[in-house]
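After this come two complexes, each holding chain A, first together with chain B and then together with chain C.
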Partner chain A sequence: MSDHAADAAGLGRPRAAAFMAPALLLITAFLVVPALWTLVLGATNYRLTGLAAANPQFVGTGNITEALSDPGFGWSLWLTLLFVLGSAIFGQSLAGLSLAWSLRSAPKVVKAVVETLVLMAWILPSSVVAFLWVAYLSRHGGTLNAILQTPGTDWLIQHPMASIIVFNIWRGTAFSMLLFSAALSAVPPSQMESARLAGAGTLAQLRDVVFPHIRGHVLTNTLLISLWTFNDFTPYLLTAGGPNHATEILPVFIYNRALYGGELGYGSAISFLMLIINLVIALFYVRLLRERR
Partner chain B sequence: MTGVPLSSSPIPRRSILIGTVGMAAAALASCDKASSSTSSTSANATSRTVTLSIAANAISGGKSSKEADWFAKYVIPEFIKAQQAKGVTATVSFQPSGVDDEQYKSKLALDLKSKSGADIVSLDGIWVGEFAQAGYIKPLKDVVGSSVTSWEGWSQIPEAVQANAAFDGNTFGIPAGTDGRVLYFNKKLFAQAGLPANWQPTSWTDLISAGEKLATLSGVTPLQIDAGTAMGEATTMQGFLPLLVGAGQQIYANGKWQGNTQAVRDVLTFYQAILAKKLEDSTLQLAAKGRDESFGAFAQGKIGVLAEGDYFWRSVINPNGGDAPMATRDSDVGWAFIPAMAPGKGVGGADYASMSGGGGYFLNPSTPYPQQAWELLTFMSSKAAILARLDGAAQVTARKDVNSEVLSKDPLLSFVSQKVLPLTHYRPGLAVYPQVSLALQQATADVVSGKSPADAATAYQAALVKALGGADQVTTS
Partner chain C sequence: MSPQAFLRRVGFVLFLAVVTAFWALPMLWLVTAPFDAHPGLTVRWPEWTLDNFRRLSESPYAFSSLRNSVLLAGGAMILVTVFGALAAYALSRVHVPGRGAILYGMLLLSSIVTGTAAMVPIFQLMFTLGLIDDRTGVILVLTGGLLPAAIFVLKDFMDATPRSYEESARVFGASPTQVLRHVVLPIARPGLATIAVWALVNAWGDFLTAYILLRDPTKTPAGVVMYTFYSEGGQANLPLISAFSVLYALPVVVLYIFVSRRYGFRFHGGIKS
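Now for the complex of A and B:
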């Protein structure tokens, strides 16, 4: 290997290290140290109040073993899985793809209006959006009940998981739509044309012509939205994890246990488990992405 | 790129490194900082400029609006005026909140933990133990000095009320008052259902049969006895504990907590019965804002009977400044004792049951102005200030001299102070209580979501044993 290829910028090792140092130190200060600190806290019985707040005791892996045998944690993990699968991997991906697909040949005005509306859902602050949805789903004169003629239905109580899944699809589809729009424009029109001339239907076109071109985009999109959804706290603003833990996805579970219940040590241990799950998901996708290429 | 001089880079790099290590050290130290607070009682005692702040779960136009207005319109301007007369320039601010008590508690705990937050904070009496053990609040004599005992107000505050601001024999703040719990009922709905305007149930069966009559009216929820975790402490205080006292047991007595006992199962069975008969709206019990919704529904005449403290009468359905004002409160709302399970079945053979609590104002031990903060606290707790807070209304305040003037003006508060307080019970002032309360809330939530009372009681006992760290303080029978 030539010197030039190994050191493209021609900086030399010490200078390159000097360039990297600030970034690495920031990552250490704001990512590695807090992660390790979570691990330390997670090994104690630290509480928000009471004796264990003043003098936390070391409990080793006690919190982790407790979490693994805690039905609340298992239940929460299951809900999180449903939430990620339903709202991100299926919901947002499919909604984003179908929007991008059907807007390809739509008139410019229609396209602009639809894209703006979808984007609005994405860029509005969470608290504003939560307020709108609480009003939309409200049992008393809520808009959805007015549209469906179902007065008195409390969607957040009677269909809590379905509500937050639909909410999150609405909330996050914009990203998938934008990404797929860009990806679809990279599909050569000549190939589409040939497929159409050969009599391929929409599904066949998508499967045999479009998908091979956008495979990488699909994976990137799925990785990002599943990580975001996995860590999303916004459903708390709608249901606070209720009714009776029915929407207590992991971030909400941690908040309820750590701050509402005051069990900071236990909350930290679960945060650490969540961090590991995040890493596993990311590694899984990265592997997949490399193989496909 | 190669021409850029890079020789200066090691210096910022080192300073960042030092910063990183410093941060990590600070984070490590934060774990046991509660033990290291050493601000002197005489700090800034002679300062000519003073900055103080007060935090309470009250907000103008929202929750406990009157309290918030009292700070803004009376306490702050009058205190500043009094200080000016002494040649001191005081700046006093109020930090409002308008959220569920549990959220407010978390916020305060985090504030106090990080040695920040307001100089005077309002706390519920049941939080005193856990805050004191964590070192978030300290005895008044440690924050201010031994002069606290000479305040004129102490002689006016009954001992049972002083307990709301005390823990382990130390006083941490000045209590604000106490309260009592009753059943409120809508007389109009009662008339339609053929029930008397002077209704007084004497057993849970009476309560259920009144509910069954109310159930015949359309669009009316017959009963609202708080349940579920979303209601927080309201479930325990308004629902579970008065019922438990009516079933003959206190949650904590003679050093033992009630575990999976007959009385606990009786209460859970009662919850199940009113749900099975559809006398209660389980949606309200589980919704994130269920308690506020139930208040609104009562004010609109859609709930027949609702169990609450006198707070409900004073601050919620009060036509004059309540959260959910009810214009016809005085003519349409009646009240009754919460009945025991059956006559004579309550604790000590009582026919009726109630629970009382109450909070107070506490000094932040990290205040830079301990003397002035104490001065403000006693100013707020003076007879004149409390009369200003009531502004013609009535409430069971901490002070006997105020109570003797105001309570007779209001029929409900006369009832509470004369009839309910003599038979009331208090929650144990132990640090572990809030965890027990959470377990009780979960037990009622389990029943509302369809678990059997026996299963809910078993799960409750397991949670209780976990919170206490062992089963030796748990009664099971």
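Now for the complex of A and C:
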């Protein structure tokens, strides 16, 4: 009973292993195996139907080199970059920070209403919010056209990328807002007060007093929302990657090529590249967490 | 009030007005159209009626899809909470060899292997296992994806429950399973409730997993049926869509109200920062 002190409930290792087994089994089967499988499958010319479905051939790194020279993949990667930069790193971060900042001094009712609206946009099911935006942006009878007096503008056709970027800011700002309001409440009020008395404007206060306190939060937030936005499939529900591939960000590109088009081998190779990008962002994040501990 | 302070005040109010409009306008339709006798795409004051909900019962897949969503989300919620609690408790109380590595690996895995990045191998895996078009398959995939984060959060909760209670229960002759059921679980209940709600909302809103794994329209959940309602060609059936979307969204709204009343919907500094 050497580790009795730690094992207060007297579980013992065999029982502890039995407790962990179901969870570890499911995680292995549905996270670890698929991740490794992208490598195996990505090295074949496996297809959903046809000759290559019955007898897939080993093509090695052929799919990866094909992807890297495929203009469709390059275009999709570029769109994904725009999407992550525009909607997450700039859009959600700035909107979240300005909401958290301004709601501190807003009346209680206003604060509650705005927070609830922003949170609703975040937690409602994705196919519901997608249709809400399809209706909102629609060419004939859309509410946005009625407000802006721009009848006949088909936003999802004429400005597809801008539409899904604005949509994702609307959808995901809640997380940044919550994170930054928690961060801002930890800034000592006395420091803000003295900065204000010294005549510092809002921007100067943010830069010199607030930012040093929340630098860690800003990084955490940027990494997490980049990862989520990079892996977001919701734009598919608005545009399905169209018109003419104009909004085909990586997740949609994989779906269209692999599961809709049936090129499972090629799709796996792209998935593998996507996992590598995720790994880089996540390693960066975990490293950061450990440094701060 | 100095002119400068006045201008700042105006700017502040203007900003809040714009922000409120930006978030509220797309959502207004969900409040007006379901109760309008002739719903259009534009938001307007409705001619009040509940007729749209009656029409919903004529659609073959509307109610069955909501039942499917209950099955899928309920199943995933139970599995995530039970398996997550068991694993987190074991990790918290027993020094399992390589515990640090397991937790570290799970944190990495759960953020890297997302449903979108892994959709092809998951499809392939379920195809091989013969679980395509099987609701159990969707539940298992959803559970696998949610478990690592659940274990992470629950381990923090388990670490925070005092060990002295378990020791005294042991002194009075309780078996380890009794200790877990009668001592640990009641103390860890807020943590379990948090994870249960989180898993439920995630699985309820899932689109992609069910979309790629289920074919039979009688098995598909509300998220997928909602998409087929508006993406399939022809004139969109707005009375049907509006009534359906409000029913599908309602549980999430109710849970939100419940959670924010009971616990307050914000981060308590405990968020990884």
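As a working rule, the second predicted complex is superposed on the first by the 254 of 293 C-alpha atoms of A that agree within 3 Å, B and C clash if a C-alpha of one lies under 4 Å from a C-alpha of the other, contacts with A are read in each partner's own complex, and residues count from 1 in each chain.
The rule we apply is simple: contacts are C-beta pairs under 8 Å (C-beta built on N, C-alpha and C of every residue); 3 or more make two chains touch, one makes a residue touch a chain.
Everything numeric here is computed off the predicted structure, so don't read it as measured data.
When the two structures are aligned on the shared chain, A:Ala240 is found in touch with chain B and with chain C. By the document's definition of touching, of the two partners only chain B reaches A:Asp154; chain C does not. By the touch criterion defined above, A:Trp37 reaches both chain B and chain C. Contacts of A:Leu94 after superposition: neither chain B nor chain C is touched. In the overlay built on the shared chain, the residue A:Pro56 is in contact with chain B alone; chain C does not reach it. By the touch criterion defined above, A:Tyr285 lies against chain C but remains apart from chain B after alignment on the C-alpha atoms of chain A. After overlaying the two complexes on the shared chain, residue contacts for A:Leu81 are found with neither chain B nor chain C.
Shared-chain residue A:Ala204: touches no atom of chain B or chain C. In the superposition on chain A, A:Gly262 makes contact with chain B only, while chain C stays out of contact range.
Taking chain A as the reference, the larger set of touched residues comes from C, when chain B and chain C are compared. In the superposition on chain A, the residues of chain A touched by chain B in one structure and by chain C in the other are 9-11, 15, 19, 22, 26, 29, 33, 37, 41, 46, 240, 259. By the touch criterion stated above, chain B contacts chain A in their complex at residues 1-2, 6, 9-10, 12-13, 16-17, 19-20, 23-24, 27, 31-32, 34-35, 102-103, 106, 109-110, 113, 127, 129-131, 133-136, 228-230, 283, 286-288, 431-432, 434-435, 438, 445-446, 448-449. Of all residues in chain A, only 9-11, 15, 18-19, 21-22, 25-26, 28-29, 33, 37, 41, 44, 46-51, 53-56, 139, 154, 156-158, 238-240, 242-244, 259-262 touch chain B in the complex they form. Those residues of chain C whose C-beta lies close enough to touch chain A in the complex are 12, 15-16, 19-20, 22-30, 33, 40-43, 79, 83-84, 86-87, 89-91, 93-96, 102, 104, 106-125, 140-141, 143-145, 147-148, 151, 163-164, 166-167, 170, 176, 179-180, 184, 201, 204-205, 207-208, 212, 222-224, 226-227, 230-231, 241, 245, 248-249, 252-253, 256, 260, 265-269, 271-273.
In the complex of the two chains, the chain A residues touching chain C come out as 3, 6-13, 15-17, 19-20, 22-24, 26-27, 29-35, 37-38, 41, 46, 98-99, 102, 105-106, 110, 113-121, 123-136, 138, 140-144, 146-147, 170, 178-179, 181-183, 186, 216-217, 220, 227, 231-234, 237, 240, 250-251, 254-255, 258-259, 264, 267-268, 271, 274-275, 278-279, 281-283, 285-286, 289, 292.
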